[in-house]
Every structure is written in C-alpha cells, then in structure tokens.
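Across the two complexes that follow, chain A remains constant while its partner is chain B and subsequently chain C.
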Partner chain A sequence: MSQRDEPAGSIYDLGYRRYDGPRLGRRHAMLSLYLFSLRGAFGLGRRTSSKIIPIAIAIIAATPAVIQLGVGAIVSSEHLHVIRPENYFNFIQIAVALFCAAVAPEVMGRDQRTRTLPLYFSRALLRSDYVLGKLAALWTALLFLTFVPQALLFLGNGMASSNSTGYWRDNWMDFPRIVASGALVAALFASLSLLVAAQTARRAYATVSVIALFVISSVISEVISGTAGGVWGQAAVLLTPFEVVRATILWVFQSNAESGSALAQADLPGYVFFAMLCAATAIAAWLVVRRYERIAV
Partner chain B sequence: MPLLSTRELSKRYPGVTALDGLSIELEPGVIGLVGANGAGKSTLLKILLGLLAPTSGEATLLGYDVRRQGPELRQFVGYMPEHDCLPNDVSATEFVAHMAQINGLPRAAARERTAETLRHVGLFEERYREIRGYSTGMKQRVKLAQALVHDPRVMLLDEPTNGLDPAGREDMLDLVRRTGNEFGIAIIMASHLLGEIERVCDHLVVIDAGRLLRSAAIGEFTQRTQVLAVEIEGDAGPLAGRLAASGLRVKMEEHTVLIGIEAGQTPYDAIRDTVADLGLGLVRLEQRRQNLEDLFRTPEREDADVAAG
Partner chain C sequence: MNRAIVELTARQLLGQRRSLLLVVFALIPVGIALLYRFEGQQPNHVQWTANVLGARLIVGTLLPIAAVIFGTAALGSEFEDGTAVYLLSKPLSRSRVVLSKLLVAWLATGALVLASVLVAGAIAIRDIPDQGVLLGFAVAVAAGSLAYCSVFVLLSILTSRALITGLIYVFIWEGLMTALFSGTKVLSIRQYTIGVAKWLTTTSERTFAARLDGPEALALMVVMSILATWLAVRALARWEIGESG
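Right after this comes the complex of A and B.
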C-alpha cells in the first residue's frame, strides 16, 4: 500500500466498480477448474522445472511412433513392419505409469498441500464437481500419451504409403478403435492414480504410492495365477491394471493375445476385461468423490 | 432482509462443543466477530460457507439457506481464511483470475476484475511474479483480492491481520474498512483483537464457548463509559481524593487513578491542573483500551467497580 499512499498512486486508483455481468455457475466453474488443472498437469504457466517431467514422459510415449514413421520414410513399405495400434500400449506402459505417478499428485494433492481447498469449496462449486473436474483434467492429459501418438501413427503411415487414400480406406476402422482404446486406458489410469493421490497431501508419498499400486498389483496377480489353479488362477489377471488394459485394447481391436502371454493363459473373454476396466474406473472415481465429500477443510 | 440469521445453531464434535445453540440476527454492515481463540468464530464462518455442516440448527446468509442453497449463495460470498491458502507456483494474476472463474465470471471479465482488484489491494508489478516470493503482507493482500474479485455481497474474513507487522496490520484494516464502507459490501470479520474490530466495524458480536455473549452496535460498547487511567509517580491517594471531591467517579490502583467518564464529560484539563496543583509527576494519561476481559464483564459491573473506588 505504500504505493497507494503516494500521490502518484491515486492516478491508478479508479475506485471500486461493481460487477453486474453474468455469473455462470457450477458448469463454468468446473470447466475453469478442468482447464487450469490440465495446464498445471503439463506445467504450462508454471516455472520450467514443472514442465520438464510431464513433457519428457509424453515425448517418450510418442517416441515409438516417431521412430516407426522415421523408419517408414527410409525403408520401402514392403519391408516395413508397422506397429499395430493394439500393440502400441506395450511400448508405453511404463511411461503411462510414470506419468500417473508424476502428475496425479500435482493434479489432486496440490490443493490439499497448499490448503487451497477451502477457497474452492467456498465458491459456486460442489465437492463432487471439483473431483470430476480434476479427473477430467488427468484423463485428458493421459490422452496425450494413450491416443495422440497412435493418431499420429495412423495419419503418418497413411501419408507415407504410396497410396494414401487407399491405406486410410482399408484401415479406417482402426481410427475409432484408437480413439476408444485410448480413452478407456486413460480413464482407468486417471481414476486409479487419483484415488491413490487423493489419500495424502504429501507429494512424495503420493508418487511412490501410485507406482506401488501398479507394481504390487502386478506381483499379487502373478503370484495368485502362479499358485492357484482353475478359475482363480485365470481371474487373477484381472487384478493388474496393465493386463486389464492390454486385454481391453485387444477386445476393442477384435484381436487375440499372443500365445504364451499371461492373457492367453487366462483365456477369458474380452468383454470381461472391458467390464472390469469400466467397473474399476467408476469405483475409483466414486471413492475419490466420497473422500472429498468427507475431507475436513 | 437480514444479512445473517441463525437459529439454535450448534456444532458438536466428540468431546467438544464448538457452537452451542447460537441464535443471532444481523443487518448488513461491517460486523466484528470477537471471541477468544476456540470460542467458535471460525466454526461459525465455516458453517456459513458450507465448509462444515452444523450438528443442528439453521442458518441463512443473504436470505439463502446455507445448507440447501450452498452453490447459489456462494456465488455472492467471498472468504479469506485465517491460514495460508495460496499455491506457490503461479502468479497472483493467474491465481486470482482462476478463482474469479471458479466463481462463475467469464474469462475476460475475470481478467479485467483481477487487474482492478489487485490494484485495489495494492499489488502492482509483482502480481506477475510467482506467489512463492511474496512477503506475508503481499500474500494477505492476494488472499483479500481473491475474496473480493467476484464482487461479493458479503465477505467473511477470518483474522485478516494474521501474521502481519504493525504497519501491514494498519494497511489491511484500512483496506477492510474501505471495502466495507465505500463499496457497500457487507463484512463479517473474525478477530481476537478487540482494538482491530473497534477500528473497522460498526457492529460487534461477542461469542464465548460457542454461545452468544452480546451483539450490539460498536458505539454501545465504547460510548457507555470510557475509563481514563492517570498514572503518577508516588501515592495516588491525594489525587483520587481531590478528583472524587470534584464529582468524578474514581477508583484507585497503586500508582494509577481510574476515572469513569460519562458521555459528554471532558475532565482532561481539570485532571491535568489537579496533578499540577499537587505537584505530582504525571507518567501517563491514557484512555484504557477495553480488552476482552472487560467485555466479558458486564458494563454495569465495571461502572460499579469504578464508582466503588
């Protein structure tokens, strides 16, 4: 206020003006929170150090597509093995998990850490709106890993082909499948990692816990399928997000698991994995909402 | 329409009663909410904001039921919490504009009002820097700005001078008073410092142990009786005697004479002359600030104390 007290300061003091424009309510609030959180997920509008990790991981996830397109530009198409979209997730699963571990605590724990939650919850927004806005933000951020590289690959392979329109005509069904599988994968990883990140305000704990969720679930699943026989051994594969996602992608593309893989051994119909993915996503999202309904601010 | 109305509002935690059947009705204005730490001030504010659900009872703010019409009500409410609540890694401009949008303002309007509001609270070039580098005083201003940016009809301020140095305190109180008086925004300000409330508010609500102790215009607290303390070197007896003889109500402490002054009386010159006549050294002549303990005694008893002296 020292500035205000200076005579020159009064030049800038236009007095207080009332606002009688529109107040757009909850939906606008959710949309704003979504965009703000999405920008935050990639560190946009923040210092450079907040951008490095999310953007680097997103680039890693796009690397297989870039390499294949590069090779395709050099090698003639008869000798080229294109990456099938249903296999792309195998290249990026670690990147997706790391991205969740790095970004989910930023999206979800941050307002708990800085105690900003009371400012949100004392505004024109419900607690469930807040959670859904955050969930949508992480989901969209994950699409940059699970959808964008494959869409580039689809377009790039077509353009590199000697007969572009022919390529797209023959493979057009791939595109809605790329959209659907990318959206489903992002949804499961977003809600599971937010559920973990929502449990603690401490960033480091959240990051480690998200990684632990993916590692431990895989270990448990492998141990059960290795030791238990019959239906329990088969069903154990449903406990690890990676396999559920892989199987759902194969189901979306109407493709089969490689023989000898865990999925081939489990030999469950594809819709079971799809149902498991949807159920896990919905339950995790509901649990986050419940947690935030009850959190004391 | 009253600004705030509560009926038998209670909040109980296991083993602790934070609010105990609080019933109160307040007209718009600049309202001070005073009480010792733990008296229930923050609890009341949080219930009004929908951050806490009351155990029982009802409350309406601006005519909206705080439990059933929360989102509608909160479009018109600004809240400044007692604690730190700002992210470190964004600028004040970006954060306050974001908060304005969360309150429903379109993007362009949010940006425009953010610039105006930050200027109003006295943040200039630094508003484009990360909040991490701000002083406590600057952070308090950002907190006030985010409560004001959407042009609320009522602002709830919880200890707005928390952590500020004396100069920052003055600035903040000045801002709060201007916001309330010049902009016509109703303010409910919680504080445990009566002096602050006195300077800013026109109505005072005193709560203690979750119960309403008193709610009245500020004048009724300060005008009824003012107590003047005259501290001298040596024995206060003769001075007290002379002043009592001249018709003032006095009470004697060791080196101090307390004088109860009715509205309209101006005995200052007489006191000075009496001290000079007696050849006493005058150490201090001051208006006794009423503090919380004084308030918790009834004014009648205080008058009686002085009169009995």
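Right after this comes the complex of A and C.
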C-alpha cells in the first residue's frame, strides 16, 4: 500500500491503482441487497409500470382497515367492531396471494434474468446470504400487507374512541398478537412463494406457478376435507397455506374458528398449525438455499 | 396431417420435465379417489364422483392445466426455440402444420385426463350402477380437451405469452369470474364440458347439476373448437417468416 504512488512497472505502466478504501464486508453487502430488494419489491427506483401492481395490491390490503376507521370516525361507537384483528387476514388473503405471485419473481428471478447473479456471487456475499437477504426483503414487503394495516387499525380505533387510554389499556394485549401473527403469516407466504419462484428464471412461469401452488393446494385440501373423515379429513386442512395461516392467527389470538368452517370441523389444537407453519417456512427456506448453493451461474 | 410433424411434436411434448410433473398431477385424483373409497363419508357415491371428482378436480383443474401446458407448447415451443422457421419453410400447407400440432396436443391431453378420470372414477364409484357418470365424463373430457387445445394452440400463435394468458383464462376467468357472474358460462369451456357430461348421464338434477343444457353445451363446444382452429390456421397462414424470433 505504501508504494501506491510509485509506478508498479516501468514500461507497461497503465496507471492502475489498487483499491485501498474501506472494505464494507459481508454484513454490509447483505444489508444493501436486502434494502435494494425491498425497494424493488414495490418497484421503487424502477419505472412506473413496475410500481403499479405491488402498490395497488398493498392499497387493496389496507382498504378494510381504512373503511373500518372511516366508519368508526363517523359513527363513533365504542363497540363497533366490524373487523376483529384475528379476522383481518380473511379479508386480505387473496391480496396477499396475488402480491406474492407478482412480487416473488421480481425479488428472486430478476438477477438470473439480467445475468447479474455471477456479480453477486463473486463478492463477499455467500450464496446463503443472498437467499436470506432476498427472503428477508420479501418478508418485510409482506409485512406492509399483513401487519401495517392492522397496526393502523389498532391505533386508529383507540384514537377514535372517546376514552383512548381506556381502550388501549383494555386491548393492549392485541398489539403483540398483531405483531406476531403478521410476522408469521408473512414468513410462510414469503418462503413458499420464493421456493416456487426460485425454480425458474422466467417471470411469467414463476408468477403462474405461485398462483397454481395456492389454487391447487386449496382445491386439494378442500376436496379431501370434504371427502374423508377421520384423521385424513382432519389433516387435510394442513395442506393449504391459507387454512394453516388462519388457524395460527386464531391460536395466537386464543380465539375459536367459526362453527361450520373447515377449521372447526378439523378440530385440531392450535399449536399443530403453528408447528406446521414454522416447519413449512423453515423447509421452504432451506430448499431455496440448497437450490442457490447448487445453481450454476 | 403430417406424420413427421406428429412424431416430432410427440417427442417434443413428452420429453419435457413439465410432462412428468403433469403425470404426477394426474395421479392426485386417483389418490383422492382411493382416500374416498377407504375413508370416505358421503353415502352417495355417484354424487361425489360426478361433482367432486369429475366436475371439480378433473374438469376444474387437471384438464385445463394439462391442456394449457400441452396446447401452448405444441406449436409455441417451436416459436420459442426459433425452430418454427425450419418447420414453416417446408413445402407443407400451414393448415396441415396446425392440424398436426393440434392433434398431438389433443391426444396427449386427452390420454392423460381420460386415464385419470377412468381410473379414479372406477375406484370411487365401486360396484354400484354409475348412471352413466363414467361414460359421460370420459366423452366430455375427450371433447373438452379438443376445445381447450384448439384455443390454446390459437393463443400460442397470436402471442408469445400464451402460457400466462391461458392460465389467466383458466384461473381468473373460468375460476373466479364464472363463480361470480353466471352469464359468463357461455364463454367457459369448463361449463361446456360439465354440460356435456351431465347430458350423457341419467342422474337427477339433485345429484349432479350443470349450468348449461347438454345440446347447448355441445353446440358451443363444437363452434368454439372449429372457430379457434380456423383462426389458428388463418393466423399461421399469415405469419411471415422473419417476423419474429
């Protein structure tokens, strides 16, 4: 380093310099990848047409909360609970699935399509870091759908009520539950849709495969639980992410499924769904890491 | 028809990884039928076989997905790989190219779905008289495959994004819109197929209902297939070599 101003060769000296600035390292690389992917998930820093779909879907997911707050502001009734926090997911499940289908191929396959993957992998970033950064980005993006509207709803309900501190004192336990359920829902949907999206570099195939995963798993689960009794019929609700997520939310809120629903018929203890959610998230994440460890760039 | 094209397309279609996935997918109804046979709770086997196994699982999911994959790949993969130029510069009329491709897509889809419906249906229905449900669905599925494939072959000529367009048609239009607005039934191949299946059975309306009447469904299906095939021939006949990659 000390000789950086001296010429390195006498004849063919082209004036190349060594880089001796700060090396930010692996952690910084991961953080940058995470932030860049998160911005990309909503199309920030990209052209307008790639902003429309993710932002429109996020707005749709916030609409039930906005309507509830609007109604609450006008009617101003203490006991007006159009949407219980544990039921919020039922209103936005299609929006969450569509968001995954639209955004997961952007987050995951884009570097393969633009052939920038070798550039990432020749840096301090490990391959598993790359996948974890992408997963974290999609997870955070999904929190804008599964957590933020409900948090706003919680705060807004309190402010609209005539006795705000009283409202928050009575319902403060809801807040950690909203955080936990939103984080769990986002984790399952993020890892499942990235697992599917990682299988192909082409965006159209990835989008459709994510939708197909959600549709086909729901149909199969619904058919089996409507068909078979006993253990098989009970276990069938574990086959679709929607029912697993719904049941886990109910478990987090210590609430019961609506009678007559598939979940009420299955009548499984809540921790089974929680365990299923955690296992599915972990296995899907591991499979994505494994795929990227082996992918040829 | 042209034998060389038929054989070539059959090799192209069956050699893909996607086709293997489809075979696995076709086994799912069989698995569910086995589950129904040993663990099932519905007393009315004919009703279950017609509504759940036939209309919902096979006509509702397996048939359109198999058709969209085979139908758009039969001719579409030639455009994608850039081999369409060699095919179309041969001294063959374009209509024969389209018809050969359509035939293979239809046979592949039909064989897969037919095998699934017959095996799964036979398992589910047991030894009781089936009131024509198996025959009805077998014929309807064979006819429905042709209608779906002709539409998807047409799509693969018109757009380079035929697969996604086809899946949007299947999931959004047939899956979602038809559930919300019953008027869209006249533009849904799924409803034609169910209508034809119902027509061939002797089941009562309570056991198995279809939205379209049998003759109406069959007529719409024939019109749709012929129209789509004719448009496909026309579109390919006007396709100029060098127009796109």
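Methods note: the second predicted complex is superposed on the first by the 274 of 297 C-alpha atoms of A that agree within 3 Å, B and C clash if a C-alpha of one lies under 4 Å from a C-alpha of the other, contacts with A are read in each partner's own complex, and residues count from 1 in each chain.
Quick note on the criterion: a residue touches a chain if its C-beta (ideal position, glycine included) is under 8 Å from a C-beta of that chain, and two chains touch if they have at least 3 such contacts.
Given the structure is predicted, the values throughout are model-derived calculations rather than measurements.
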Which of chain B and chain C A:68 touches, first, second, both or neither: neither
Contacts of A:119 with chain B and chain C, given as first, second, both or neither: first
Partner touching more residues of chain A, whether chain B or chain C: B
Which of chain B and chain C A:19 touches, first, second, both or neither: first
Partner chain(s) touched by A:229 [first = chain B, second = chain C, both, neither]: second
Chain C-contacting residues of chain A that also contact chain B: none
Complex contacts: residues of chain C adjacent to chain A: 25, 28, 32, 35-36, 39-42, 48, 52, 56-57, 60-61, 65, 161, 163-164, 167, 171, 175
Residues on chain B engaged by chain A in the complex (per definition of touch): 46, 49-52, 70-72, 74-75, 77, 79, 81, 83-90, 94, 98-99, 101-107, 109, 113, 116, 119-120, 122, 124, 130, 146, 150-151, 171, 174-175, 179, 182-183
Chain B partner contacts - residues on chain A that touch it in the complex: 1-4, 12-14, 16-19, 21-26, 28-29, 32-33, 36, 45-47, 50, 110-111, 114-116, 118-126, 296-297
Contact footprint of chain C on chain A as seen in their complex: 204-205, 207-208, 211-212, 215-216, 219-220, 223-224, 226-230, 232-233
